[in-house]
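Below are two complexes that have chain A in common, paired first with chain B and then with chain C.
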Partner chain A sequence: MASAHSDVTTIHVGGAAAPPVARRRKVRLAPYLLILPAIIMLLLAMGYPLGWQIWASFMKFGLKQQFGAPPDFVGLANYVTIFTDSTVWGVVGRSLLFCIVNAVLTVVIGVALALLMNAVNKAIRLILQIALLLAWAMPVVAAMTVWIWLFDWRRGVINYVLTSMGFNFSNYVWLGTAMGLYFVATVVVVWMSVPFVAFSIYAGLTQVSEEVMEAASLDGATSFKRFTSIIVPMIRPVLMIVALLQIIWDLRVFTQIRMLQDSQMPLDSDLLGTYIYRLGVSSGDFSMASALSIFVLILTIVFSIAYVLQLVKEDS
Partner chain B sequence: MKGKIAAVALGVASALALAGCGGTTPNAPSSSTPAGGASSAASVAQDITFWVVGSDTPTKLREYLVEQYKQVNGGTLTIEEQTWTDIVTKLTAAMPDAANTPDVTEIGNTQSPTFTNIGAFSDISDMYDELGGSKLLQSFVEVGEVEGKNYTLPYYFGSRYMFYRKDVWAAAGVTAPPATLDDFNKAVVTITEKNPNGIADFSGFFIGGQDWRNGISWVFANGGDLAKQGSDGKWTSTLSDANTIKGLKQLQELQLKASMAPTTAKDQSPWLYINDTDSDIVKDDAGNVTETTPTSLAAATIMAPGWAHWSIGDLVKDTAGKDVREWNTEKFGTFALPGNDGKPAPVFAGGSNVGISAASKNQEGSRDLMKIIFSAEYQKMLGQNGLGPGNQDYVSSLGDDEFATALIESASNSKLTPAAPGWATVEGSAKLEELFQKIADGGDVTALAAEYDAILTPMLNGA
Partner chain C sequence: MTTTAQPVARKTRHRVKVSRIVFGVIAIILALIWVFPVYWMLSSSLLPNVILTSSTPRFFPWGGSLDNYKAVMQGGTFLKALWMSLQVTLLSVVVAILFAFLAALAISRFKFRGRKGFVLAILFIQMLPAEGLFIAQYKMMSSVHLLNTVIGVSILYIAAVVPFTIWMLRGFVAGIPAELEESAQVDGCTPAGAFFRITFPLLAPGLVASGVYAFLQAWNEFTIALVILQREDMRTLPLWLRTFITASQARETDWGAVMAASTLVAIPVIIFFLLVQGRLTSGLVAGAVKG
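Presenting the complex of A and B:
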């Protein structure tokens, strides 16, 4: 796909290369002007809260301060509390694990579905695509409500079906343990994010040229070999960005966990998102919540920096 | 390049969408500046906003408030409905801001201490007697009081009582409602063991493991408390108090021997388990039933707020052909949870307080609205709609049916959670759910009580 894209770009650049150099310089301003509103918006919408968070993370800022009391500067005390609190480390560990398991599952299933879409005939592909689009288009809250019903301990379809198949799942409480809750959350998160991955990868696959594949198979490359040596390198840029997005999305997962917890909340089931919410919004400890948010931001950057650098490199 | 711009544009769009969530509250423009020296009786017309929480306040009552306010003050009253799930968040964000604060707001009685202690409400001690004074429900007045000054006052109260299956109790050989708490504890264990209908995972008394709001009734009934205030004004968590431990142990016994509810369950819709057949009904846009998931009788007794009776009974069709529940006195009954001292057990009282935002620019108009809310007429209207009126002189307006009787009886001895400044923090942290689940799982009550005392005491005193 990358090569195909650069081909297109070359043609365009080639076309634009005809006018004299002087004119080209003038035109160069346009992209920056066009991107300016977006950058201003980003700074306003993200910069202010981020700045406030950094400031608040060095203060003692609770409900009293929200109602006008002057906050006290506490330096790194909030961060010290975070790093010495075993609860926080439990949450961080669970979040990372949840994130990796979900991102890997989503990408693997997404790629598999994309390959399937590429292989089947038009009618079946259309059915597959519609099914994927429906899952993708479903609002999270509506989808969660349905999934919670499906997994209901007493009236859920899942327990009913498993029990009818001969397994004893009668009145089994799926949301009774943290592991059970994560299992349900994983099913839902993967189900909801696979369509995006599948479509992106499928778009990438359509750019893999038929000739190359044909030549490879004539040379005796097995389909597995063709996948690893031709398809994967060619769709690498898409694969990378999709994986990066999944990691970021799955690290800050919130709605799904929160809604499951609203239904039933097993012990120690908080992930970073819900834990920060509990600290800040529910308990009114805004400074600790800010400090933890900054920590998550750093964590996200550490996780994704290698990816981003790689992407930038490939782009240039 | 194209893709990148699209990505940034998407980012901006979502940033805008997120930003849009914040400022949905329309400002209540103050229509005029207060005239200096005007007496409160002839206050200047002010347009004010009143936040009610949940749908408890019926439309008729809202219309009455708007009309009366127009007459008394001349200004416009806008009533906005908030939800219980995020009222604390919304109040936290809006109340400090004069441009966005509601002028008058309802607030959950357990949430009131946190907000009154940080100065979110105006001091209305001077109107206290005019609005009902000692006739007001005193346990609610206390949660709106700081150092002898009144900030929020009782809006309405509800109470929790027991709903039980007369037929199942009788089949298990227990014919009369229990007279004491000990009787109750024994009866529901017996019913669970006998399980007369042979139902899998049957509960004599269905109570979710994390359901501390109903569970604390056993603590209160044994003379225990969740927290106490010392002479220095500091709050201490008193879970390790001998009486509290006794109550928690009784509850643990019930959880282990009488309730088959998941230990992770909260106090959501327990009535599903006491009806013969019940179902979650899914309808399509045209109103046709597309899916019903049946559930069936699984509990002989539940504890729930009074309004739960609308969801309990035989399934019948109303005149419009819709499914409704019809109370059947042969099958269903109610009683207030008894104490061991001849009085009803002190259960946790539900309900709300109401107060004026300290940041409101329309203090005069807000005071006019408070007078209307605490007028005899409006207090009676609350009672007629099944809400316990804040002024005890008008409790008789609740009527004298089975539900009103159980409500009044159970509320007569009801109690509130501690009026500590950090109580909202305690609730928000979900530590009580954790503790009660661990107890329901069969944990060592004494050790757990000590562990959670250490966690809760600093929270109670606020940050």
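Presenting the complex of A and C:
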């Protein structure tokens, strides 16, 4: 889209051809030349695949196509399947549920930790912050191997601790069922994502002035009342953005699910990302994989609009 | 008035003190929970498998050694994956930063038609998940025979990090007043000379920060790599690390080696991350760091 704009403008500027304009023209061209490499890169690696995917989502790839026949046009049939086929709809429903549960848990725990940071003294705050930073910095795949080890059914620390607390979890196979797998995935996702929320909200909290809080408490406001009528309105913009980003990120969860499936692979544990992968890479069903990908992209864009508009406001 | 106010104040102060201690204890417990997996990775990486698979876990690495690290390094596949990761990461970071820097100059130093559309497009593209495009990217790369190549995966990484890097650098370029350059030109510098002598050195921190961002993204990336790099000898470090888990289906997992391998992958990331985290957290723009 941006490149179309630039073409129009260069032609437009080039149309005026008097000597004093020549220099102006050079200056005018500069910004377009500067953004050109980035645009080419994006068109190549994202624009073209996106276009192909939109095209493929209206097609049907079958056995014939593996021998070189062009795919058949099927209109919106693939999109209809998303909402009618019970397997596909099951994946979509599970993904949305997983996304909402994870986003809510992450934001609630993140806000609680931010409030806690605000309530303790400097030394303890630093300890908490370092712990959160280390968790945040862990590469996803490394974090996954550690969590799989912690939840290992034979020698995992989690089964050991739960069993020694009196619950019978010895040799409990967490990753053997879809529910167990989602539980472990939720623990990992929340553990990884909470630090970002906690730090962002804490930065917002430091903007709330001490005097206002003190005045409110002298006027008899309980701490719950102070939280709902002073703190929440103050951190509301940050809270909205953080919650939005969590929803977007948790909708596309892939690495965690994929890695947890590696060790046991219970049936029916796919979420959108892993299901698209299975369809596209393993089964060669490009049309359905494309339609689901477009579905994910549309959801993402719908959720992103508010966040992007906020960023644009910051730009001007 | 004062006589009634005083005891109330003392009472609240006392209550504040008690709650401070309670909150402090809770904070320490939560800090321990959050740091435990990281600690457990380090601790397990130092212990031999005999101890790791005993029925009671050993919570401190007494009697630990670097044997697991030696075994992982001598396996041969680690160095290969490391070399692959280095090539992909280096290529992606250098090209992405260069392209992003040029585009950031355009949007922060020039007013031009289509600027707003470009900024908007970048911000939206930045949000698009790899999971929503990887099948088409896989098809495209396979049709131009770039599957299992450094170039193929790097092109996708560059496109993935360029939008956010442009946005990040835009802030840094905008922070340097154009008047500085103009006054250098008044003093007889050429426009290019003014730029390289005045603006460029001031930009260094911004370039470092966005370079580290691009590094973290490329180094940790899993999804695109999984799709594009399917051949065993072309694995990057995250894919290599995953094979330890998939291999465990067949035989007993050597957890000591897995944890040593994870530590080797994680350490450069943790160091770089801690260096830039202040900049990444300040301002919510940093959001996209989660990958």
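The rule we apply is simple: the second predicted complex is superposed on the first by the 240 of 316 C-alpha atoms of A that agree within 3 Å, B and C clash if a C-alpha of one lies under 4 Å from a C-alpha of the other, contacts with A are read in each partner's own complex, and residues count from 1 in each chain.
Quick note on the criterion: a contact is a pair of C-beta atoms (placed from the backbone, for glycine too) under 8 Å apart; a residue touches a chain by one contact, two chains touch by 3 or more.
Everything numeric here is computed off the predicted structure, so don't read it as measured data.
Participant: For A:K60, select first, second, both or neither according to whether it touches chain B, chain C, the two together, or no partner.
Facilitator: first
Participant: Check whether A:L175 is in contact with chain B, with chain C, with both or with neither, and answer first, second, both or neither.
Facilitator: first
Participant: Looking at the overlay, does A:M234 come into contact with chain B only (first), chain C only (second), both, or neither?
Facilitator: Touch partners of A:M234: none, neither chain B nor chain C.
Participant: Figure out whether A:F254 sits in contact with chain B (first) or chain C (second), or with both, or with neither.
Facilitator: So A:F254 only meets chain C here.
Participant: Compare chain B and chain C by how many residues of chain A each one touches, and report the one with more.
Facilitator: Of chain B and chain C, the partner in contact with more residues of chain A is C.
Participant: Looking at the overlay, does A:A103 come into contact with chain B only (first), chain C only (second), both, or neither?
Facilitator: neither
Participant: Classify the contacts of A:V281 with the two partner chains as first (chain B alone), second (chain C alone), both, or neither.
Facilitator: A:V281 contacts both chain B and chain C.
Participant: Let me test your reading of the model: by the given contact rule, A:R28 touches which partner, first (chain B), second (chain C), both or neither?
Facilitator: second
Participant: A:A38 in the overlay: touching chain B, chain C, both, or neither? Say first, second, both or neither.
Facilitator: both
Participant: Now for A:R155: first (chain B), second (chain C), both, or neither, which partner does it touch?
Facilitator: In the superposed model, A:R155 contacts both chain B and chain C.
Participant: Which residues of chain A are in contact with chain B in one complex and with chain C in the other?
Facilitator: Correct list for chain A: 9, 31, 34-35, 37-39, 41-42, 45-46, 149, 154-155, 157, 263, 281.
Participant: Touching chain A in the complex: which residues of chain B?
Facilitator: Contacts found on chain B: 1, 5, 8-9, 11-12, 15-16, 18-19, 88-89, 92, 95-96, 114, 118-120, 200-201, 210, 260, 262-266, 268, 273, 280, 293-295, 298, 424-425, 427-430, 433-434, 437-438, 459, 462-463.
Participant: Along chain C, where are the residues that touch chain A in the complex?
Facilitator: 12, 19-20, 23-24, 26-28, 30-32, 34-35, 37-38, 40-41, 44, 52-57, 95, 98-100, 102-103, 105-107, 109-110, 112-121, 123-125, 127-140, 155-156, 158-160, 162-163, 166-167, 170, 219-220, 222-223, 226-227, 238, 241-242, 244-246, 248-249, 253, 255, 258-259, 261-263, 265-266, 269-270, 273-274, 277, 281-282, 284-285, 287, 289-291
Participant: Would you mind writing out the residues of chain A in touch with chain C in their complex?
Facilitator: Within the complex, chain A touches chain C at residues 1-2, 5-6, 8-9, 28, 30-32, 34-35, 37-39, 41-42, 44-46, 48-50, 52-53, 56, 113, 116-117, 119-121, 124-125, 127-128, 130-150, 152, 154-155, 157, 160, 191-196, 199-200, 203, 217, 238, 241-242, 245, 248-249, 251-252, 254-255, 258-259, 262-263, 272-273, 276-277, 279-281, 286, 289-290, 293-294, 296-297, 300-301, 304, 307-308, 311-312, 314-315.
Participant: Touching chain B in the complex: which residues of chain A?
Facilitator: Residue list for chain A touching chain B: 9, 31, 34-35, 37-39, 41-42, 45-46, 60, 62-64, 66-69, 149, 153-155, 157, 170-171, 173, 175-176, 263-267, 278, 281-285.
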